[in-house]
Amino acid sequence: MEETNSIIMQVQDGIHRSYSDLSSPDFIYKLEVKDICKSYSTRGQEKITVLQEINLQILPREFVCLVGTSGCGKSTLLNIMAGLISPSSGEVFVDGKPVTGKPGSDRGMVFQGYTLYPWLTVAQNVAFGLQFQKMPKPQQRDRVCYFLDVVGLGKFAHNYPKQLSGGMKQRVAIARALANEPALLLMDEPFGALDAQTKEQMQEFLLNLWEKTQITIVMITHDVEEAIYLSQRVYLMGTHPGKIQLEIPIQLPEYRDLDIKLSSEFVDIKRQIIHGLRTERTTINF
Amino acid sequence: SPQVTNNSSNKSSPQSQPLVSATNNWVGYSSHHVAVGKNLFSGEGLKVKDLFFQSGSEEMTAFLAGKIDVGWFSSGNVVQMAAKDPSIKIIYLVDYSNGSDGIIGRGIKSPQDAKGKTIARENILFEKILLQAYLQKAGLTEKDVVIKDLSAPDAGAAFAAKKVDIAVTYEPYLSQSAKIGGGEVIFSTKDTNLIADVVIARDSLIKSRKTDLQAYFRAVDKAVDLLNAGDEEALKIAGTKLGITAKEVKEQLQGVKLFDLDSNKSVAFNKDDPKSLIGNLKATVKGAKEFNIISQPMEVESLYDDSIVKSM
Amino acid sequence: MANSSLKIPQPSPRKYLYLPPSVFWSIRQEFPKWLSLLLVGIALIVPLLLWTAISSLNLVPPIFLPTPAAVMNAGIKMFAEDNLTLDVIVSSTRVLAGFIVAGIIGVPMGLAMGTFYSLDSLFAPIVGTVRYMPVTGFVPLIVIWLGLEEPSKILIIMLGVVLYNAIMVADAVKFIPNEMINVAYTLGATRRDVVFKVIIPGAFPSILDTLRVNISGAWNFLVIAELVASQNGLGFKIIQAQRFLQTDKVLFCIALIGVIGLVIDYGLKWISQRLTPWADQIHH
Amino acid sequence: MANSSLKIPQPSPRKYLYLPPSVFWSIRQEFPKWLSLLLVGIALIVPLLLWTAISSLNLVPPIFLPTPAAVMNAGIKMFAEDNLTLDVIVSSTRVLAGFIVAGIIGVPMGLAMGTFYSLDSLFAPIVGTVRYMPVTGFVPLIVIWLGLEEPSKILIIMLGVVLYNAIMVADAVKFIPNEMINVAYTLGATRRDVVFKVIIPGAFPSILDTLRVNISGAWNFLVIAELVASQNGLGFKIIQAQRFLQTDKVLFCIALIGVIGLVIDYGLKWISQRLTPWADQIHH
Amino acid sequence: MEETNSIIMQVQDGIHRSYSDLSSPDFIYKLEVKDICKSYSTRGQEKITVLQEINLQILPREFVCLVGTSGCGKSTLLNIMAGLISPSSGEVFVDGKPVTGKPGSDRGMVFQGYTLYPWLTVAQNVAFGLQFQKMPKPQQRDRVCYFLDVVGLGKFAHNYPKQLSGGMKQRVAIARALANEPALLLMDEPFGALDAQTKEQMQEFLLNLWEKTQITIVMITHDVEEAIYLSQRVYLMGTHPGKIQLEIPIQLPEYRDLDIKLSSEFVDIKRQIIHGLRTERTTINF
């Protein structure tokens, strides 16, 4: 275990830039989303605008969460960030370079629907990205082993996805994205199918990984507590059409443990976000 | 031996039943098309149902299946069918191939030169007999050459592309391929009775519809006369049926000797005439036996019934 | 499990792999309509040019490969003099009739095989043997039973296609996920309902694909079918012209069948898209 | 939205719909091995019995439908005297060779068409026309270019199958979900990687199905191929026997091809299952 | 709105039986799971036992939640209850009648993976079960309308599933199961993909429905608060192999509102369950 940990340890000391660094003129955002609009044209019907003028900037080494009602456009936005969906207008920059519609291994992604390759075993799924880096086989094996242990699926390395439960599939998808060591990790409800216990462990691990590496994370979650606990900033998205409603900086200490959820700052922020979500037009009526 | 019941011949009122008459795309059967096209059959008060096949084997199947009353075939095909159904009788000689079928070769001066050469021919009785007749001149058999089984058109193409030295084929492949392939016709059916085409019917039909058959051949005879006279309209009718022009029909017919009723009476079934059909049948039966196409030897006499022709 | 020995001296600016944008090589992304039309044009013109080149340079004797112009002329003449329009109509009718019967028999058979293991056990041996047998071998029996009229021609075309329909539809049914069937059960569906409400709609796009693939098979068998006492039809014309070395006519008829095929293919693709608006539109 | 007027006076014990258990009609549930074997047996024996009945009752003249016993005898004689074993070997080799070439060309072509819209635009017109054209029409050209040896026979078989391979594989590729391709992109895959690591493995079960469907097509074209200057082979034997009205031999050769087909079909199904252990096992 | 509500109102007064009714000799459970075992045989490997001797009884009109770590066998158990997976041994009874391996419309199910029919619109998906009851079209339409409103997707009635977000798909699946009015509703993490706001609304609706109808509900959830808030009993499942670890009766008042989550009983129960989950063998190590 000591040795495997090196993967996390061997990184530069994170220089946690504060939000005020933005004033520097030649400052480069890790990720910048500029004036993104997205609309779908459906057969016969009019155009549906899903995203309208989304602007957001994410700093290097930041951990940002996106929350919003179901169907407000979070997944669409994340896919545009990843370069998988082309926006109707607007641009996406990573490290100042435009990457609109250009996916790459710098931005890892955990999909809402997991999407494992059914013809590969769990271990092969996790190793999927490594082969493109031309990583030597033994090194691949070690890394796969390590990340499967992390998500608690060491024993299932040689199972096929169809032999896994929903939560296990989700964990494989997480391991696959992590193993590829992206600079920017985009996660779409990554812990949605996990039980409370496993989820907490995964959260802790993710926080750990984030603290010790330079990774920048954008995560969609429905769990407000999770969002506050993990992130440095929370974007609240509004709906019809999707837009950034609110941006809430989380002014909590860098190094957090689970107890922080009981602190009054935490509860305050939570109330604020939940209030924000509630003022969103209610879509459910019964 | 199997007897196929012939539906149309066993029905009570023969006059009302059309005579089902079938030909294929051999140019020698033009008289049939002319008889149909110029309403010569109906002129004789005869209803004829005209069936047209693109291949002899399909026509044989249909005849053996009892779907045809009167069929126009090569004598080779008839020998095969008669082996299966002895009630089949030749009742009329249509034509001899008279140069229309033949053998083309490149650099072949005499039959001896064929030894060891590659020869394309179709595995059909009359083509085998034609080739046999040629090779026999030098005392050769198919064993002394390399045989490539190809349909006549493909054999022509193969010769043109110089893939074979010798090809057994028919017009227009015969002359065209010889020209392109740098060869010449080295043997043909000109002035032979090697390949004969005939009309057949079953015994029962011959008995039950004698008058109809007589009328039938009167019409055919008129058509043959028209063709032999080079009647423009008759040639055009035949051409339409075969998908060629009247001029082409005329050219093609130059390689065919058509028989009218009179020559049928005088030559066809006349044992004493060296060019009679009997001679052709003897050779065909012999070849068929040699090539293992029929298992039992056949009496040539059992193959034909000249009563219709003789009665006219 | 902790036996790994990972050393990752991550070179600080790690090399990331990007997907270079590409129009020509785009996979399921937008593709410009003009480029598509251009490529279709190239695909149609290049073989024609090749043909022109080969035939004009006399690489093949012209009686065996006439120039496109000669073939075109022969075609015009056939339409004018030989009533080729009738042949097209007659052959299309035969193919359509054979194909419809093959669909009416083959598709339900395939659905049954794909759905029920019992019917698969029952039909698979037949499909697995008869499919391999040359139809020509059955022509005599067909002639005996059905005679020389249209039914036997239609049967020949039908026989050539029906088992391919069945096996391909059966294969398509396999890919319907179990969960879709299970949902129906929990909503009170009987097996009959599952077949009609889940399996048939679920396999529908594949059924359309299967029919599009196999209609060309029906045209392939046309030549064999029209050997049986035909008076007309494109297959008939091909054999007839072949007999008298009219290669220009043969090639025109073949090309005509090709054009008919192209129209059918694009037409069926278009219909497919209309009929399955819910399917992922992959192109454009 | 609130305009509905629901009145549900729910009869207290509502009638619920259950799925009655069924062995014979089970869909993707367990199916007893013995029943499967029984049904396969029935499927093989019933046609034989029918044949025996029809031929013994002389419903069809024996020249066209000899009894199974007569056919069997002819077969034994052919093995003993005509060296039928050689024909089987020769024909199998030809089919295999043609089929392998058709696979080597057709499968990549189909993958390319299914993957890239550009290559689809480029190939679709060719596949959509040539597929419809009767191979027989090209035989003279094939003879001129390739001669009379094995290559032209193999080419004929190949031509008969290759475009079907292409179009069916292309259709299969369409069904690979976009998400699988997207995952690969975010992991740094190039388009090349996507083709080799996602599209090929994803379409692999369908490719196997396609090959299994189309190998029978290769056997169907054997008869046409062996019209070209053959001295042996099952197709050759069929044509020869047919010309000389030896129906018993024809039927034996056809039956032999059917048996070979059955073995191929079950063999390929078995191999398919071995090669794709990850796929849903639907039966048993 | 008044009229549509009739669907919920027109039911017998719920006679909430207490747990002690069990003593009655001729008492019939709504659902009884008896000695269920389930094992999978994987190629080459040995047999994997997923469920071992599961026994549980659910009363009529009860609302029971199943919690447990990811991969412990919850979905498998629910599928066995629904009759969709055959157990290796054991039996399932509904109303005392054996229904092992016999699915039926008495047991509605919301699947973990939603599984909508892609070729049907949202409205047609919801109406899918109604056609089997031979319900007249206008009545179908009304009911579909009502339940689509309930899940907040009235406007999306004519969209195809591919045009929906993850949470929206899940809501369609819920509406489909509800519209069919099963006697027993089996739900596999039905609110997992929903944002906090929507989830709360759905919970309230479900509770409302349950109180006003005779429906019996078994629900898998990873949200412990949700389990306590909604149910009368919580089963805690253990893993390797899956078994019932703990049965926790929720002694809270029948009619609950959201504030109850702050009550001390609630917090006590929550602690108890989380403790139960924690003592489960930890599967994640990093």
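Letters A, B, C, D and E name the chains as they come in the text, with residue numbers starting at 1 for each one.
We take it that a residue touches a chain if its C-beta (ideal position, glycine included) is under 8 Å from a C-beta of that chain, and two chains touch if they have at least 3 such contacts.
In this text, all values refer to a predicted model and were calculated from it rather than measured experimentally.
Under the contact definition stated at the top, the chains bordering both chain A and chain D are C, E. The mean-CA centres of chain A and chain E are about 29 angstrom from one another, to the nearest whole unit.
Between the CA-based centres of chain A and chain B the separation comes to 85 Å, rounded to the whole angstrom. Averaged C-alpha coordinates give centres for chain B and chain D that are 41 Å from one another.
Note: centroid distance chain D to chain E, computed from Cα atoms, is 45 Å. Residue positions of chain B touching 2 or more other chains: 61, 64-65, 153, 157, 160-161.
For chain E, residues that reach two or more other chains under the stated contact definition are 1, 83, 103-105, 113, 132-133, 149, 182, 285.
Along chain D, residues 1, 16-20, 61, 64, 140-141, 144-145, 177, 185, 188-190, 242, 277, 280 each make contact with two or more other chains. Here the touching chains pair up as A-C, A-D, A-E, B-C, B-D, C-D, C-E, D-E.
Only residues 1, 40, 42, 67-71, 73-76, 112-113, 149-152, 158-159, 163-168, 170-171, 189, 192-199, 201-202, 205, 208, 222-224, 274, 277-278, 280, 282-286 of chain E touch chain A when the two sit together in their complex. Partner chain A is touched in their complex by these residues of chain D: 1, 177, 179-180, 182-190, 193, 197-198, 201-202, 204, 276-280.
Interface residues of chain E, counted against chain C in their complex, comprise 79, 82-84, 103-105, 107-109, 111, 113, 115, 117-120, 128-129, 131-133, 160-162, 176-177, 180, 182, 186, 285.
Listing the residues of chain C that touch chain D in their complex gives 16-20, 22, 24-28, 31, 35-37, 39-40, 42-44, 47, 60-61, 64-65, 115-118, 120-137, 140-141, 144-145, 160, 164, 167-168, 171, 174-175, 177-178, 181, 185, 188-191, 194, 206, 209, 212-213, 216-217, 219-220, 222-223, 235, 238, 242, 247, 250-251, 253-255, 257-262, 264-266, 280, 282-283.
Those residues of chain B that touch chain C in the complex are listed here as 22, 25, 51-55, 58-59, 61-62, 64-67, 153, 156-157, 160-161, 172-173, 176, 180, 242-244, 248, 252.
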